[in-house]
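These notes open a run of structures that come right after.
Next come two complexes, and both contain chain A; in the first it sits with chain B, in the second with chain C.
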Partner chain A sequence: MSPVVSVFSAMLHKDLRRELRSREIFISSFLFSIILLTVIYFASTSSGVKYELMGAGALWLCITFSGTIGLNRTHQSEMVNNCYRGLILSPADGGWLYLAKVCSNWLLLSAMEVLLLPLIALFFHVDLLQSPGWLALSLLLGTGGFVAVGTLVVVITANTRMKDVLFPVVQLPLVVPALIAGVNSTEVALRGQSPWNWIQFLLALNVVFLSVGFLLYEFLLEE
Partner chain B sequence: MKLSIKDLLIFTLLTVTMELALIWALQIAPPDRMQGDVQRIFYFHLGSIWPGFLAFFYVMYGSARYLAGRDLHWDRKSLASGEIGLVFCTIVLTTGPIWAKPTWGVWWSWDARLTSTVVLWLIFLGYINLRHYIDDESKRPRISAILGIVGACVVPFVYMSTRLFETQHPKPVIMGDEDSGIKDPNMTIALVLAMAAFTLLYICLWRIAVTQFQARDRLDKLKTRLSLLEDEY
Partner chain C sequence: MTLSIQFHQLTKQFGETIALWRAEEQFHPGDRISLLGHNGAGKSTLLHILATLTKPTSGTVTWHLDGEACSDVRRVRARLSFLSHEPMLYPDLTALENLQFINRLYRRGLSDSELVGLLDQVGMAIHKDRLFRTCSRGMQQRISLARALLPEPEMLLLDEPFSGLDGEGVARMKDVFTRAHTCWLMVTHHLQHGYELANRFWIMNRGRLVHSLHKSDLSYEAYLKLCQGSKMEARNS
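Right, the complex of A and B next:
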């Protein structure tokens, strides 16, 4: 196995194993999402909006907020016991470390979405089986765009004084294109139609941000 | 501040072009058949977004040059460009609603072009402010450069938003479809003059800002040397 592949898989295994053992990010993000869904339901019904139409928006709000909390927490755990120095000293190029981090965050957030979907169907009376393929692709690519930017920005803001506050402030404007495309694509898929235009846009976003992250992550690992 | 001949030449050219742009846009160009005189704001609206995009692309270029060579001048040049780009973006976000109110009947609409321009504005506001929160001076330019490059990647999406999505915002005038664009030659001259004037304004402001940053760096160095000398004696 080449050093790049072994470092990539070691990073991915490490992140996933840590989360599977502690489950601290996953459980807190999931509980937070349930609270959010409740708030969205009451906010929409009290303002006269049909809550059946809020399914895609509610799902993406949960992904945004719990994803932001999760990304921040994942990076903070690297700072404990100077683990981050270990990352810097690893023999692989920074870009591969970035891709491993993106993959682990992507998998964790996707797992949470799998658990959230039945709740969305239950609370917002949405039929998930209208076009499941498009729905899965919308969520996969939307989450990819969100995670590709977030994984890079969390390290950028980690170097600042007010990292917990600055992370969402800097990250959210950058992920707005992915969020708009994700919400619209999911909404179209839930209606049983093809969101091909939005999927193309999401694909372009993923390619751009993953490439930029791959090229720039190396510079963030300097001390 | 001592002005070079190049600065004086650019400033003179800017003054002449700006005057001509004002005359052409407000006097010579005919009013739009549908919108009337309110359309004239378009010359300044489009004129200011073009150097805004240029400024953000320069941030990307300057940041890449900084990361490649670690020359602080490129960091200062990128920062100056980012700040001026943000000012032009603010002009666009101000002139847009002034045009929208009489035309659409509302100050603001959440369509793709308007939303993406606000997002771009927020990204570069973050880029300018981020460095104030980085205490370690050696990290400041590097971290800012990375954010500058990532932020500039959103510019093509803002530009393409009117082509990619159904928007309320008018279709592109430059490099647009056959049915979009302006047909009157005087309108074209007014637009070209406004774009040239705002580009020259960008160049002029950028040169002043870079000179100021360099002067501040020299002052900081002198202050450090002075404090070292004071400690010695």
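Right, the complex of A and C next:
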């Protein structure tokens, strides 16, 4: 096994094993999403807005807020027992540690989205099977951009006194492009059309975010 | 393969507080050094700087790999291990799973039976499948030592390794340090263990490295007097 693959798979394996054992991040994020969906549903009922138009927005609201909670929690678990120092002291390349961390956060958030989609269909009367391929691609790439930024920002804010407040305050403005593209792409896919323009934009965002993270993660982890 | 450290005029300030003041010394292969001093003397700060975890405010640290000066921190880190107050191990993984992770991170390629053998050295093989968070403080300290030994470091940096250990744990840890083919620098408040195990002593007082002595130049009584004198001086200041 090449050194890079060894580091990447070790980190990914460790993160997923921990989450499968404790399920704390997944369960808390998912329950929060259900509460959020319920609130949005009742708010839209009383305001008379068409349910069908709310689906994509409601889904991305859940992804944004639950994802923020999840990203914060996954990094906090590295801070327990000063585990992140063990990572700093290892000869592993920080860039690959970052990609593994992004990948595990991506998988966790995507798993939550899979469970949320039927609820979105139920609450907001949307047909998920109009163009499932485009829908999946929109969610994967949008989530990728969101997670790529969040995994980096959480490291920057982790050593500040107001980290719990500062993380969403710094992260949310930075993920706005990914969120706008994600919502629009999902909305178009739910109408059964091709969101190719948005997908291209999301692809470019992912490349930029992941490259910046790959280059900066080690430096930020040490600081 | 040898690793040695030389530091020159090393100073570390945290705001107005001077934690370390113009420390100078050398750490050669084969050295087993006890770093002694009262609380707040700057021992842990020095250890963190040598472990590459903290940057000094001023002064230089030069690492020599195989006789040549090396500025590549990653290469240095691959050859030293740090045992700190915090175990640097994941609470939701078992002792063995934690070692498996470190094994892959350092690309050591050890089999599970070899990892269990490592746990056996510190008396933790029977607890290999126990979640780390359910282990007592002393057990965690022993597993942390196994973690520190796993990369087969050329230099061990130890921050109070005996804290939280029972008699058997202390005996095992002393045995590991005595038999290890590695040099080490150990911060300790346990004066007797510090004298028994080391061949050199660094004594710190109020951020200064005030004494650097070889065991051959120092009887146990003189050593005790020196350590206690440093504490008295700190208390009176």
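Note that in this section the second predicted complex is superposed on the first by the 222 of 223 C-alpha atoms of A that agree within 3 Å, B and C clash if a C-alpha of one lies under 4 Å from a C-alpha of the other, contacts with A are read in each partner's own complex, and residues count from 1 in each chain.
Definition applied: a residue touches a chain if its C-beta (ideal position, glycine included) is under 8 Å from a C-beta of that chain, and two chains touch if they have at least 3 such contacts.
Only a predicted model underlies this, so the values are computations on that prediction, with no experimental measurement involved.
Shared-chain residue A:L31: touches no atom of chain B or chain C.
In the superposition on chain A, A:V39 makes contact with neither chain B nor chain C.
In the superposition on chain A, contact is made by A:V80 with chain C only, not with chain B. Once the two complexes are overlaid on the shared chain, A:R21 sits against chain C while remaining clear of chain B.
Of the two partner chains, chain C is the only one touched by A:S9; chain B is not. Of the two partner chains placed by the overlay, only chain C lies in contact with A:S90; chain B stays clear of it. Contacts of chain A with chain B, set against its contacts with chain C after fitting on chain A, share not one residue.
For chain C in complex with chain A, the touching residues are 51-53, 74-75, 77-78, 81-82, 84, 86-93, 97, 101-102, 104-107, 147. The touching residues of chain A, counted against chain B in their complex, run 149, 152-153, 156-157, 159-162, 166, 169-170, 173-174, 176-177, 180, 197, 201, 205, 208-209, 212, 216, 219-220, 222.
On the chain B side of its complex with chain A, the touching residues are 67, 112, 115-116, 119, 122-123, 126, 130, 133-136, 139, 142-143, 145-147, 149-151, 153-154, 157, 164. Within the complex formed with chain C, the residues of chain A that make contact are 3, 6-7, 9-11, 13-14, 17-18, 21-22, 77, 80-83, 85-92.
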